[in-house]
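Order as written gives the chain letters A, B, C and D; numbering starts at 1 within each chain.
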Amino acid sequence: MSDMPPASRYTYLGPEGTFTEAALHTLPEAATRELTPTVSVPAALDAVRNGEAQGAFIPIENSVEGGVTATVDELAGGRRLMIYREVLLPISFALLVRPGTTLENVKTVTGHPVAQPQVRKWLAAHLPDAVWESAASNADGARLVQEGRYDAAFAGEFAAARYGLEALVTDVHDAENATTRFVLVGAPGRPAAPTGADKTSVVFWLRGDQPGALLEALHEFASRGVNMMRIESRPTGAGIGQYFFSIDCEGHVQDRRVGDVLMGLRRSCREVRFLGSYPRADAQEPTVRSGTSDEDFVSAADWLSRCLDGRD
Amino acid sequence: MSDMPPASRYTYLGPEGTFTEAALHTLPEAATRELTPTVSVPAALDAVRNGEAQGAFIPIENSVEGGVTATVDELAGGRRLMIYREVLLPISFALLVRPGTTLENVKTVTGHPVAQPQVRKWLAAHLPDAVWESAASNADGARLVQEGRYDAAFAGEFAAARYGLEALVTDVHDAENATTRFVLVGAPGRPAAPTGADKTSVVFWLRGDQPGALLEALHEFASRGVNMMRIESRPTGAGIGQYFFSIDCEGHVQDRRVGDVLMGLRRSCREVRFLGSYPRADAQEPTVRSGTSDEDFVSAADWLSRCLDGRD
Amino acid sequence: MSDMPPASRYTYLGPEGTFTEAALHTLPEAATRELTPTVSVPAALDAVRNGEAQGAFIPIENSVEGGVTATVDELAGGRRLMIYREVLLPISFALLVRPGTTLENVKTVTGHPVAQPQVRKWLAAHLPDAVWESAASNADGARLVQEGRYDAAFAGEFAAARYGLEALVTDVHDAENATTRFVLVGAPGRPAAPTGADKTSVVFWLRGDQPGALLEALHEFASRGVNMMRIESRPTGAGIGQYFFSIDCEGHVQDRRVGDVLMGLRRSCREVRFLGSYPRADAQEPTVRSGTSDEDFVSAADWLSRCLDGRD
Amino acid sequence: MSDMPPASRYTYLGPEGTFTEAALHTLPEAATRELTPTVSVPAALDAVRNGEAQGAFIPIENSVEGGVTATVDELAGGRRLMIYREVLLPISFALLVRPGTTLENVKTVTGHPVAQPQVRKWLAAHLPDAVWESAASNADGARLVQEGRYDAAFAGEFAAARYGLEALVTDVHDAENATTRFVLVGAPGRPAAPTGADKTSVVFWLRGDQPGALLEALHEFASRGVNMMRIESRPTGAGIGQYFFSIDCEGHVQDRRVGDVLMGLRRSCREVRFLGSYPRADAQEPTVRSGTSDEDFVSAADWLSRCLDGRD
């Protein structure tokens, strides 16, 4: 993380034993940081904003449930923060029970509300009569099973040991390829160096008085051949029908075409917030359309200079 | 509800005592229906799909929290249903306590997770030390206060009487004009008759292999002067970065410009699902751009007929 | 020519001996018509408008010189006419002289002003000192050589015999593949039947008060995958910077995507004039983009009907 | 003319006595230059390309007849030249005759072919039986009347004296506000300084292999709020349907939004040729759309720099 201040502490969306913690441990540097769980996404980010932590590790998007709205909204509001890293974690659940429990004994099941739609079909097939109640987190659900409040909890298999439970069933996931995407967020700083396979995140608010403003904003991307990888519309809070947009696109802010998109948005939108450029977890390099490479931008700028000077 | 089958029973997202029930009672016909709360949005809709209920009344959008993803996703998947009516309800919370409780006594607060961001600032200012725990619904929170599990619950003031509580504080809402939008959903049928101030809901999946496909889809609206009032991107479940779009736009499917937009989407998208045309709760009539009125469409079609026949 | 009234007389841009006459003779029906040269394009068209002729055969476009502005303007103004047929004729010139003249004797050269740029390089190379003077037509130039006014004329080789001249040099053309396109114009009627490889011509005037109006008009074509094959901007005569547009596109007005483009133009433009659908001289079939075939249009219209009826 | 080399000689499209010469004399500097008529637009420009003249003054556009194709094509091809000045001249014709000639005596009329459509209605009304023959220029027509070849010539009233003729009728023009636009062209150099009411000319060739390429090119203008004032499609000479585009737009290349358009074209087009920025003859200042002023561009570039540096 190039210019992010040397970090001794990372917060993450807790409690311990969640997928977030599991994802965080895939970062090499996690081994050398103090990792502190928080009760909420805002709490994780506030610690960074207050200087109490140098990074916050939080989920931002789930391939089944969509954007994690708390994260999208928190990054759009308050003091600006930046994303420096992303992690993709395949999500599959284990049904955790107290040792000795059999499937027939399971009358009540818990888990995070987000887990529920991902195990719904499995439940209908295998535990059609079990009653579901939501827990504050998957780990919390495991703790409640440990305490005897529920018979079983859906959580990551890695949570079993921590709560003295055992995994009765593993690899439960209604949707194939369910994946959650996490980001490491820090105070604003110089973006991570380009790797050739990068992603840029930006949030923008349209000028209310221009019809077709969203179309124009999306055209800023399209006309430079910059593919969008995530688009979220979120209410501004100012009333039904008022949105801001949160977008991830291919490329790095140092790529001329991406910088040009950002400047275009900055000019045409009411407000734009740059949320960082960072390596893609999937390391996939983008296809650069003819006429949109850095060389094309430099060459066009040189040509314009010559026109201005009367050379060309 | 013009062609919706005569209804004797409506389901709604329960339990009793929530804002959803309060909103449902603003519909005149609610007085003559059997109103049955369900534990979830899918349950409310399944009752309609199974023919057990003729309508389901559920929240779809909140001006603070955004789309109700369960509703958006459920309407996009499964057997097609249609929206016949919408209701807008201003949302403000009361802090419900057992009679005799004072603000100083409140150490624990509960409420629906969606309520939490709408009372966060108020809590920070007036009950900075109170611990928040989420309940399955605002009404459920009230019940848990009645049972003594928590000291206070945020809910609609109307829930106080039902649970033998009293409203210690009323009119709590961090955001001005917080509003929730509810819809009455039924089996597919002829849309409600146009009123001149209507809204149309549609869901579409882009063709994956065409770059700029979202831009083209949005242009279908823009080129006919049809304003979008809500746009939600939702994951298809097929992996990070795969979306479908749920859009509300001005106008009625019987308006030629709206029908033309829908046909355009139908041709250019992989899949389109029509979710209904219904009167706008705010009764606001749209501005019809020159060249996009029904007369303009009819006149252009007549002209084309004359061209085909060699008259013009 | 399907519904064009039975024709006994065709006018064409004269005089005899021009490329126009040569092109006209490539139409099989020319053998059974009375062919009457006129002094100008307006005269050829006026004869059709007055009912004195059933067809007028005139040049419309040249691959070197561009649109024949008299034709483009005449078809856009006055009583509406329609194009029923097109002919492409490769253009190459012969240098016609009185028998016995050698290249060294040629001091003066004539021809139609349009011919001049197509033989300029040849002249510079072979007759650098010859003086050029324009004639009213290539055939007229040949006549003036016959009369002894000039030493040589550029014209079609076929004109030599008619004027008692001989072709000193043949196959003169500065540009490779120089081609002129001619059209057969008649009174409005039912367009020629679709062949699968057709072209449609249309003229439109933008609404002056909408910025981006040209962009919108072109998008009508692009969004239905209808390729433009010719675009001409012509002054309306109302002042510098006021234009109308004359466009040829792929496809037949009976193709749904083409009809839809035309209706879109009709709604969004101040005025649209349909100039006909007719077989392409090159018989090349268009690529129909996914989602824009007749089947796609019919299927989308059926789907909309079902939505309106509450079936789908 | 800021950086154009000090000029002692200007060529202009002759002969003497044409509207071109009249327009040239409206330039103050014309009084101190040697003014040399040429037989053609290419000849006028070649003199500049060869260094024999420092400027060439030629017509480029007529509000009735459209673009002067020789000028548009010559500026697009060959060694690059630049436009430094424009002149608008209202066009109205006088009918010039030998002294003593009356309207009844006029059996033959001449004039430049471009003049003909502008006096056609007048001729039909006042001299329905007169025979028209085209002359190489209006001035040439006057000379031919002087020599007795024709009875009358349409030309500028100012040509009467030069050829010993008198103006039998003045102020003949079928179209109201007929205007011709002339440009002063020189070797490439630094453009004239911005005046706040400027025009920029550019020529571009689309990349053949991209459908919708024209749409994208026009969007470069539209998305920066740069209005087009002239658009000409011209054949490239490579075959029917192959065009390049010649465009004038509002603003000066030093205006950031115009420079950005040019760079966008440079990247997305196969070739772009900058033809200069120069004061508008009508001195009308453009409306600068919100978000497209120089300040907006500078501010967006500053913001991007801060993003790159980790400040913002």
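Operating definition for what follows: contacts are C-beta pairs under 8 Å (C-beta built on N, C-alpha and C of every residue); 3 or more make two chains touch, one makes a residue touch a chain.
By chain, with names taken from UniProt: A, B, C, D = Prephenate dehydratase.
Note that the structure is predicted; figures quoted are calculated from it, not measured.
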Per the touch definition, the chains contacting both chain C and chain D are none
Is the contact between chain B and chain C built from the same residue numbers on each copy (over half shared) or from different ones (under half shared)?
same
Approximately how many whole Å separate the CA-defined centres of chain A and chain C?
59
Based only on mean CA positions, could you tell me how far chain B sits from chain C in angstrom?
56
Based only on mean CA positions, could you tell me how far chain A sits from chain B in angstrom?
25
So chain C residues touching two or more other chains come to 219
Checked against the stated definition, the touching pairs are A-B, A-D, B-C, C-D
Which part of chain A faces chain D closely enough to touch in the complex?
3, 80, 82, 188-191, 207, 216, 219-220, 223, 253-254, 259, 262-264, 266-268, 272, 274, 290-292, 296-297, 299-301, 303-304, 307-312
Would you mind writing out the residues of chain C in touch with chain D in their complex?
61-66, 69-70, 88, 113, 117, 133-134, 136, 175, 177-179, 181, 211-212, 214-215, 218-219, 222, 227-235, 237-243
